[in-house]
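What follows is chain A paired twice: with chain B in the first complex and chain C in the second.
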Partner chain A sequence: MRLEPKPAPSMAVTLLYPAMAILATFVIAAILVMIAGAAPLQVFGLVIKGAVGSQFALVETLTRATPLIFTGLAIAVAFRAKLWNIGAEAQLYAGAVMTIILGTGAIAAPAGILIPIIIVGAMTAGALLLLGPAILKTRFGVDEVVTTLLLNFIFLLFVSLLLEGPLKDPMGLGWPQSERVVAEARLPRIIQGKRLHYGFILAIFSAIAVWLIMAKSVLGYEMRAVGHNPEAARFAGIPVNRVLVKTALLSGGLAALAGVSEVAGLKGNLTLDISPGYGYTGIVVAMLALLNPLGVVISAIFVAGIFVGADAMSRSAGVPSYISDVMVATALLSMVTAIMLTRFRIRWR
Partner chain B sequence: MTAQSNGEVVLNLSGITKTFGPLIANDAISFSLKQGEVIALLGENGAGKTTLMNILFGHYVADSGTVTAFGKELPKGDPQAALDARIGMVHQHFTLADNMTVLDNIALGTQKLFWPSFDRAKARQRIVSHAEDFGLSVNPDALIADLSVGERQRVEILKALYRDARILILDEPTAVLTPHETDALFRTLKMLVAKGLSIIFISHKLQEVMAVSDRVLVLRGGKLVGEERTAETDRKALAGLMVGEEIKPPQISEPQTGKTVFRLENVSAKGVGTGADLHDIFLDLKAGEITGLAGVSGNGQAALAALISGTLSPTKGRIHINGETIGSWSPRHALAHKIGRIPEDRHAVGMIGDMSVTENVVSERYLSNRFSKMGFLNWGAARRFAESIIHDFDVKCPSPEARVRLLSGGNMQKLILGRAFDGDPQMILASQPTRGLDVGAVSYVHAQLLKARARGAAILLISEDLDEVMTLADQIVVMSKGRLSAPSRRGARTIADLGTLMAGHGFESASNTAPKEPDHAA
Partner chain C sequence: MLLDAFDILLTTGFWVAAIRIASPLIFATMGELICERAGVLNLGIEGIMTVGAFTGWFTVYAGGDLWTGVMVAALCGAMFGLLHGFLTVPLGLSQHVTGIGITLLATSLTYFTYRVALSESTSPPKIEPFQPYPVPGLSEIPFLGETLFMQTPLTYLAFITVGLVAWVLYRTPLGLAVRAAGENPVAVEAQGISVTAIRVGAVMVGSALMAIGGAFLTMSAFNSFFFEMINGRGWICIALVVFGSWRPGKALLGAILFAAFDAYQVRLQQVTGGVIPYQIFLMLPYILSIVALIVVARRASYPKALMVPYQKGER
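And now, the complex of A and B:
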């Protein structure tokens, strides 16, 4: 078996293959559901119902999608310039820590001032966290996959240190958790009494802003050029290293917004489990969206829907909710395969 | 070459057809090779020579047609079958491990896996005996890294002979050789056919084809358009077959030489890739003149081109532009000084294949007011610029939004010319500007360079094609092992003189001194 390049795919092929990828995902998931001893169609029905079948479900899905949009955007931006940022998880926590530092009473200001200060502070923290790996890469050629990945564990331990020490809530009964942010630092709810908050609106605006940057701005052009062919970019006079550093700052800042949104929008305080791997899931979200910033919104909602729906399904059908992880992973593999098949044909001999 | 071609047929290709999408790379090609015969496969780049050889070697599977060697049909798509049928190939780019000896390279892959011992003495004895038989003198214990290009090619040939090849295919074997080394290769080929081997010699150089072959097969656009006995044809007839039309050589007027635009003074720099470092380079480029730089590939041309392009910084020496000494140097500085640059590798360096025509043509000046304001690009202006280049340089492409990857080499090169020539640069660096282009595109590139010369640009033409340099250049310099010879005016040095310099001889008097006119000496 071998791969031969194909001529440019037609529009129909470009749309057909992702559709087939989604179909393949469901077929593979169906087999697993049957092994678990349930009826696939019933289970899928329950997943969809649990994801979007009621106002409660829909709100829950969008709430879960919010941090994924931020981390998905962070990855989409970085991967476009072929800066392999695997450290969105740490950058998320950097944003969360900064939200606690600025938002628990250190600054007394009305919400209209305090929230922007928190956003800027958190983005700076996330950006600085990725600056180190970016400089190591551009100066010394250190592989950023290794540095950003390992920084996740280092930073999580650092957060643990903070929560046992300076940021520990004195009223927290000894739990490793921070104080709650003040009311002025809270992102308001979109609908009273529901969990969905203005972080979701901020995420949508961020996606539009990132799309504008990528498609229309000089920086976006430079990032794409550096990502596609750094040697040609350098020859044309594009400052490759400087572009990579700017990309890192933007990516780290976006990931940090996920931390702001989770702490100031949802949880109110910082614990070590505010992110069940949003930084890593962001990679899947960005890849499913083919690194398109607006596509990230859709794929984040899709991935969040599967997670939320699977939770609901497992309660009533008795199939473990791990099926959601399998489905998301299968969707990613199918999508990657579909993209490959639009570019290459397989020859058997 | 002596006509030994009355032997039996050793290789027969019959009705080979291969298509890639809409492109017909090989169209029902049939021919046979006899024992003791040298066939030249002549054709432009893209004529289908390489595809045909890849089919013969089982790298591609033909849509239809058969390959028969020594009376047995070869199974399709099986490279091992070709080797077992005693067909050997010497690639243009050598496939040798630099850090191993000649002996190990030759024996590599012929030993049984999981066989504990390796009889070096026997292998050495075989190599030495083959080397003596065919005049391929090479030390079996030398490291490949220490060998010259000509010697490496001999190792490649020995490697094929060691595996008992009876049919030898040489793909553009002279592209990397000096004229002297080429002569030595031709002598070896004569000895090989005298011993009964059959040879397929792939080339696009007419004089070589005339010198070595018994028969010439001409490919054009994937079709076999001519089959001639070498003794009964001439260069002009072959050129006509190869190109399909008559190509007139460019008319070159007397140069209108102006002041020195660009000067390198005692410049040294680190090498690029596997190429040589630059040592103490002096170079003067004058307005209205084409300076041709000849040399065998890998002797520092890439480093010099990178240096002038701005991607490589000198470790020593000074760059002067219009008499001013340049402080810092980068691609942006080069562009700011109105240096138009045509890079050697248009795919890897010149263009970004996955980006559109528009995005590529603005890459050198997207920060100017013309194309961007306040950090946002003016895509309308960029598109209009792309359209003007497409129109002025006759680029064949579906639209300015088309990805550059989809364009042919010639059209890609036209885009690069359009980008480099925008704003009438005072100097042009053209590094291998016609490599891999078809004849039409080559003459177009030459015409554009001559046009720029006529309007007073200083041009440096770096080329491995000696004919091209001797045709276009008003003054010629030769590069060898990272050193640059003194310049000579058009016609002042013969091919033999240039060949001697290309081989690295005669530099002692020229190095470490300012350039002097060699006309008096020559």
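And now, the complex of A and C:
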């Protein structure tokens, strides 16, 4: 078999294959549900009900989508320039650590000043964490996939060290957790009494800002050029290495915002389990959105819905909630296949 | 204290542990090496090791014997290799994204299966793992015999695998085809050999070895399966392949050095007695991997067609 480029595909085809990818994901999930001894349609009904079936469910889905929008944006930006940042998990924790350092009383300021300080500080921390692998890539040719992956493990151990040492809550009864951030550092709730907080609004604005950068700015143009063909970009006079470093700073900063949002918006303090792999899931979110920053918002809500819905379903139907991770991974693989099929035709000979 | 820290290196217990820790890394590193030599980066390694760890252990738990468990693990690993190979070779999808996807899929499928199959048990059941098997004669050699020849059969298999991989790669026409597929696929096609078949085959064999590496953990090093027990070993193996310049012998040396370092940090932790936070020690292996990558990066000679999809008839 061989692949032949297709002429520019019609709108219908562009949407048909991704739709088939989502369908394939549900078919595979249905098979697994049957293996687990439950009825697929009933289980999917419970997932949808758990994700969007009530005001509580919807608020929970949007709350879960918030960190995924940030990590999804971080990945979308990096992958667009073919900078393989698999370290969003560590950058998220870098942002979370910075939120605790700045937000637990070190700075006495009203919320209008303290929150911007925290955001800038956290973004700097996340950006610096990805700067290392980016420089190792541009200067020494060290593959950033492996370095960012390994940094996830290193940084999580570092957070563990901090939570048992300098950042440990003296009132925490020995648990590895930090003090709570002060009231001025908390992102307020959008609806009183509900968990959804202004981190979600910040995420939406970030998505719009990233879309503007990618679509309208010189940097965005350069990033796309570098991602498309680095040799051609270099030949056209684009400083490829400098663009990659800028991409890394932007990507790391965005991922760190997920940490700010989870600590200052949702949890109030830092523990070792604030992220159940949001950094890795961000890869799926970004790919499902075809690396489009505005699409990231939609795909993050979709993925969050699967997670929240599967949790609720798992409690009532007894199918392990890991089904949501399987679905998300399957969606990733079938989506990249679908994108390929919109561009190429398979010839069997 | 300094003397204690040095004395560790002279104990046989330390070297026995180092070889044991090296064994899963040797399998998985050889697996990744085969994939990359044929031109395919396999980031599915972490998930495929998880699959191997679970399926091997579960087969034994369900009543199979140990070697059947190893075979099942290898077969399951090869199936994920087939998926990765199909998506990246004939379909030419991004090897980075597909690999991460394979790791996510393999890991989550394993956890799902575990929960479905063992929904009742709160703590993972134990199996009777591989026992140390002293090699007659050779195990009598002082020091060397104890460290190298009183290990479990899977460790011996790991070392045999290195020899086998080296022999096939450098001494057989098949190995030549695999290496050429990773360096100059056009030349392979010119010989009438299918690059697609060679690459997909190499990814399958490599993935089978990764799975055996995972199975070593549940069937030889420990006797049970835990979530997140691979703990980044797959990623370390990718670093070891680069460190070993894509050569089996050098990669073996790298794996043993790395394992010795890992075994050393555990013992050093005890000697230093809590003065330094334990997390620092746990970080060292990962940091060492990054340092190793930086050291060799300048003179690293990647297989020239690594991560370059090949289309028949394209020049």
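Methods note: the second predicted complex is superposed on the first by the 346 of 349 C-alpha atoms of A that agree within 3 Å, B and C clash if a C-alpha of one lies under 4 Å from a C-alpha of the other, contacts with A are read in each partner's own complex, and residues count from 1 in each chain.
Everything below uses one rule, namely that a contact is a pair of C-beta atoms (placed from the backbone, for glycine too) under 8 Å apart; a residue touches a chain by one contact, two chains touch by 3 or more.
Just so we're clear, the structure is a prediction, and the values are computed from it rather than from any experiment.
After superposition onto chain A, partners chain B and chain C are found to sit side by side with no clash.
Applying the stated contact rule after C-alpha superposition, one finds that A:Ser217 touches chain B and leaves chain C untouched. Within the superposed three-chain model, A:Gly141 lies in touch with chain C and out of touch with chain B [touch as defined at top].
Chain centres taken from Cα atoms put the angle at chain A, between chain B and chain C, at 70 degrees to the nearest 10. Within the superposed three-chain model, A:Ile208 lies out of touch with both chain B and chain C [touch as defined at top]. Of the two partner chains placed by the overlay, only chain B lies in contact with A:His228; chain C stays clear of it.
Once chain A of one complex is fitted onto chain A of the other, the partner contacts of A:Val326 are limited to chain C, with no touch recorded for chain B. In the superposition on chain A, A:Gly237 contacts chain B only, with no contact to chain C.
Which of chain B and chain C touches more residues of chain A: that partner is C. Annotation: superposed on chain A, chain B and chain C show a minimal Cα-Cα gap of 5 Å.
Touching of chain A by both chain B and chain C, each in its own complex, is seen for no residue at all. By the touch rule above, chain A contacts chain B in their complex via residues 6-8, 216-219, 221, 224-225, 228-229, 231-239, 347, 349.
Only residues 21-22, 61, 76-77, 309-311, 330-332, 334-335, 341, 343, 348-355, 359, 363-364, 366-367, 372, 375-377, 379, 403, 406 of chain B touch chain A when the two sit together in their complex. Chain A makes touch with chain C in their complex at residues 1-3, 32, 35-37, 79, 84, 86, 136, 140-143, 145-147, 149-154, 157-158, 160-161, 164-165, 280, 283-284, 287, 318, 320, 322-323, 325-326, 328-330, 332-333, 336-337, 340. Across the interface of their complex, chain A is touched by residues 43, 83, 87, 90-94, 96-98, 100-102, 104-105, 107-109, 111-112, 115-116, 119, 231-232, 235-236, 238-239, 242, 277, 279-280, 282-283, 286-287, 289-290, 293-294, 297-298, 300, 311-313 of chain C.
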